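Pasting the structures here.
The two complexes that follow have subunit A in common; it is paired with subunit B in the first and with subunit C in the second.
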Partner chain A sequence: MSVLLSIEDLHLNFRTFWGTAYVLDGVNLKINRDEVFGLVGETGCGKSVTSMSILRLLPSNAELSGKIIFEGKNLLELSEKEMREIRGKKISMIFQDPMSSLNPLFKIKTQMVDIIQLHHHIDKEEALKKAKELLKAVNLPDTHRILESYPHQLSGGMRQRIMIAMALSFEPSLLIADEPTTALDVTIQKQILNLILELKEKYHFSVLLITHDLGVVAETCDRVGVMYAGNIVEVADVHELFENPKHPYTQGLLAAIPDPRYKKPLKPLRGNVPSLLNPPKGCRFHPRCDYAKPICKEKKPQLISYSENHAVACHLFSSQGGDIE
Partner chain B sequence: MSSEPLLRVENLKKYFPIKERLFSKKVKYVKAVDGVSFTLQPGETLALVGETGSGKTTTGRTILRLYEPTGGKVYFKGQEITKMPMRKFKKIRMKMQMIYQDPYSSLNPRMSILNIIAEPLREMKVNNIEERVLELLENVGLRKEHMYKYPDEISGGQQQRVAIARALGVNPEFLVLDEPTSALDVSVQAQILNLLENLQKERNFTYLFISHDLSVVRYISHRVAIMYLGKIMEIGTTEQIFENPQHPYTKILLESIPIPDPKEKRRKKIVLPGEIPSPLNPPSGCPFHTRCPYARDICKEKEPEYVEVEKGHLVKCHLAEVIK
Partner chain C sequence: MKKEEIIRVMKILVRNKLSLLGLIIIIGLVITALFAPWLAPYPEQAKGEPNLEEKLQPPSSKHWFGTDYMGRDVLSRVIYGARISLIVAVAVVSLGLLIGVPLGLLAGFKGGAVDIIIMRITDIFLSFPPLLLALLISVTLGRGLENAIIALAVSWWPWYTRLIRGMAISIKEKPYVEVAKSLGISNWKIIARHILPNAISPVIVQGTMDMGSAILEASALSFLGLGVQPPTADWGLMVSQGKDYLLNFWWYPTFPGLAIFITVVAFNLVGDTLREILDPRLRRRFL
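Coming up: the complex of A and B.
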């Protein structure tokens, strides 16, 4: 399997009125071709910011360092003009709320044709033809009505399908989906996730799926990275992660979610997510960790491979595959 | 079902009038809640489940008369409350509290936590308010230091705890919980669900738990009602609904929940086509027939009656009749 995107030691700080927020603290991850990589974590763990860093869509108070290698190029070294050739064309993105990604004042037709003409140098007629093809590909067969509609006349599920259609107009090699189904009902969520997987098979792109829902991860992803307070704490194959979670945070997360198949006792994680203005020293999880040792307060654990397809950043594990004592 | 139910809802309706144009006289109605009936025993949790626009929140609000019902009756401890004059109802209304989805917008940002929780207590002329507030804070797992903070200084989970503490202050018996954990992270969600469960055990609270998250519903509720376009399609114990669902909608809804176990990935699942129709133009006959994979001719014409497939397990479907 070849690597499509690799993030190496990514640091991101935001300079704010209250001080510097250390938002990403050395993120390392690799996304292979043709895979669905899930990034999970709670609010504020840095999963969305990671994707925004890939596209370099960050506000001006951001300080970004590290490497993001995509198809052999370091995205952080590209000029703004070169970056525009990547965004939307090589890497596309869909967001949680499709309503706020579409312009409420223009018909779907105008918006889709605009996007298609922006990169493909074709006339309006042809762009419209392409738009119809794309809508059919995302299972919106009633193309005429959709194209003549304004965003508010369509349902949330339809709007998300349109966003996917627009994201696919250039056959990107990476689709970033940031909580694409969080605003949708479960039956519609199922439709959209199935659609993304179907299209992935058809067009051969990789997916970076950002979500807080471990159920969605289990059903759609091949590999998963778990994030906590700006760090990737564990990366594993999806089966491995759910059957054999190693990091105390991953274990805590899995123990805290209810299972629809049966009633099990819920064990909440104690404490709260730390402030990133003043993150804990050493392992950022140590104040909430039941297994914390003195070293956890001093030294930041590195992501080490525990076994093939499983890496964990925790002092309780040695690279030889030791277990929690 | 021997004892007197705490709450009995009979054929509850709430229609919202909508004018087609600004000055037109023709009025259409959105039938948000259209003939909902159920009972709630003391100490029980009934979950109202459904997709966006199914009328679950409107049902909760109409029971508390935050919306005046269009039709139907609600009995609280045997007393009819729908037609009661407001002054009299207010006394009973204290026993019925509501917790909302977004804790931040349900707390006044300009009031300290102390004042937020103390406000209803002052109304009740309670003595030693600060002591009582502290006790309430401790009941929901907060400490004295939180008392002088403002809502934006505490986390979402703590805000929801404050909202619960405020509701506890008036000694309620019945709580409408409208998606109380939807805005929270999973680890915090577990804290709040455990808190709600413990409070119920300690004080015999009765909950109407409104949610779209079936995993949470499985965890917290004793009985479940599945709503679709303003109507209850199926109601039964949590066991009956999850282990032996009868209505095609319930079955598909259960299949759509993402299961946190990748081994389930390979299972072939039915995907429900289409989306919930507009309540402005509900389909004729069974409201679900437009999306139902088993729909027959009769479903388009006649609205099904409730069939009792098992004790306490009611299904509104023509096919359930056939199966029986």
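Coming up: the complex of A and C.
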């Protein structure tokens, strides 16, 4: 499998009134062609900013360094104009809140035609035809009615389908889905995820799925990266991760999922997410870790491969493989 | 706004009785201004021709609103005054919008240094009482209608800049703007397609209401002798000249004063309803 996107040592700081927030602390990540890569972690761990960094849609107080190699080009070195050619065309994104992701003042028709005409140089008639095709592709059959509707006349599921249709107008090679189902109810969630997988088979793009729902990850992803406080702490194939989690944080996350089969109490992770203005030295997880060793307070662990399809950033493991004592 | 949107807004304006009243008054005013030469009983007197035999006559069937100190028909002059007032209202507000809206959009959307510079400039303008600033500029530029309009517009635009900047800041954080960016839409297009249309409603309302205030302030400038010059018929000027006669010849300042009052109220009534229509939280009531 060839690599589509590779993020190397990505650092992101935000200059704020209260000081510098060290939001991403050397993120390393590879997404292969034709795969669904899940990025999980709790709120504020840097999942969304990672995706926004890929598209370079960060606020002006952001400082970004490292490399984001996409189809052989370092996105961080491109001009704003070159970046606009990538956005929507090569890398598309769908967002969390479909309810407000469409401009409330314009009909779906206007908004879709606008987007389609942006990169394809075709006239309005053809753009409209293309819009209808796209709507059909996302299983919205009543295309005429939908095109003539305003966003508030459509349901959340329909709007998210429209967002997906718009994101796919140019057959991008990477679709970033930032918690695409969080705002939807469970049945619609399932439909939307299935739709994304279905379209992925049809159009052959990769998906970067950002979520905090491990259930969603288990069902949809091929590989998973676990993020904690601006670091990727563990990357593995989805089965490997669920069956053989290595990093104490991943173990904690999995232990915190309620299991309806056993009536045992939940085991929450102790402590809180550290402040990114003043993150702990060494491994950012050490204050909450039951297995912390002196070295964890001193040195930041690097992501090392534990087995063929499993990498972990933790001092408890050497590259030869080892286990939590 | 689209055509059907405008039709919808008009329908609601008509359904609400007070705003209908305001609308009728404004339309009446426009018609009066357009057809002044045909509506005014004494067009020459309205343009300034004296008629000294009939000085300061009380209202009668010949002169409905009485005559002024030069014997000119007050009704004719009030009718001609509608022209000046409407020109002033439209010119001041549109000039203000023309300067204020782009600056506000730029400040709100760009943020950072651009925002700080633009907003500090508006702060300077806003730190003067508006009429005082207009007075100052008017004195500097010299008397006359055009200069009064420029003076008012210059003291007017910062309000729109502030208003639309606030809107732009909140709208640029909306998910649909983020979506537009993620799809590679350029900043200018985002401002034109997403920020401006979603930010403009309160400005339309403010602008409508300001038409009344603009007339009022232009009248104030004329009253102080800085705006329209005699013998042109202008409501503010007429009130100014008539104030000395108020005790004995009440009709002379009263009718132009009433004209100002009614016009200002009409614009406010329409503006109020417009606000309710364009505010999405209040909109449902009308649909």
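Convention: the second predicted complex is superposed on the first by the 320 of 325 C-alpha atoms of A that agree within 3 Å, B and C clash if a C-alpha of one lies under 4 Å from a C-alpha of the other, contacts with A are read in each partner's own complex, and residues count from 1 in each chain.
The working rule: a contact is a pair of C-beta atoms (placed from the backbone, for glycine too) under 8 Å apart; a residue touches a chain by one contact, two chains touch by 3 or more.
Keep in mind that this is a model prediction, so the values were computed, not measured.
Enquirer: Once subunit A from each complex is brought into register, does subunit C clash with subunit B or fit beside it?
Expert: fit
Enquirer: Determine, under the contact definition given at the top, whether A:121 touches first (subunit B), second (subunit C), both, or neither.
Expert: neither
Enquirer: Touch check for A:263: first (subunit B), second (subunit C), both, or neither?
Expert: Only subunit B is touched by A:263; subunit C is not.
Enquirer: From the CA centre of subunit A, what is the angle out to the CA centres of subunit B and subunit C, nearest 10°?
Expert: That angle rounds to 80 degrees.
Enquirer: For A:194, is the partner it touches subunit B (first), subunit C (second), both, or none of the two (neither)?
Expert: A:194 sits against subunit B, while subunit C stays out of touch.
Enquirer: Applying the document's definition of touch, where does A:253 land relative to subunit B and subunit C: first, second, both, or neither?
Expert: A:253: touches subunit B, not subunit C.
Enquirer: With both complexes overlaid on chain A, does A:103 touch subunit B (first), subunit C (second), both or neither?
Expert: So A:103 only meets subunit C here.
Enquirer: Kindly classify A:218 by the partners it touches after superposition: subunit B alone (first), subunit C alone (second), both, or neither?
Expert: first
Enquirer: For the combined overlay, can you note the least CA distance between subunit B and subunit C, rounded to whole Å?
Expert: Value for subunit B versus subunit C, nearest C-alpha atoms: 5 Å.
Enquirer: Going by the contact rule at the top, pick out the subunit A residues touching subunit C in the complex.
Expert: 55, 57, 60, 83-89, 92-93, 95-97, 100-106, 114-115, 118-119, 163, 166-167
Enquirer: For subunit A, which residues count as touching subunit B in their complex?
Expert: Going by the criterion above, the answer is residues 42-43, 155-158, 185-191, 193-194, 212-219, 238-239, 242, 252-254, 256-264, 266-269, 272-273.
Enquirer: Residues of subunit C touching subunit A in their complex?
Expert: On the subunit C side, the touching residues are 111-112, 174-176, 178-186, 193-194, 197-198, 280.
Enquirer: Touching residues of subunit B toward subunit A in the complex: what are they?
Expert: 51-52, 155-157, 185-191, 193-194, 212, 214-216, 218-219, 238, 242, 252-265, 269, 271-273, 275-276
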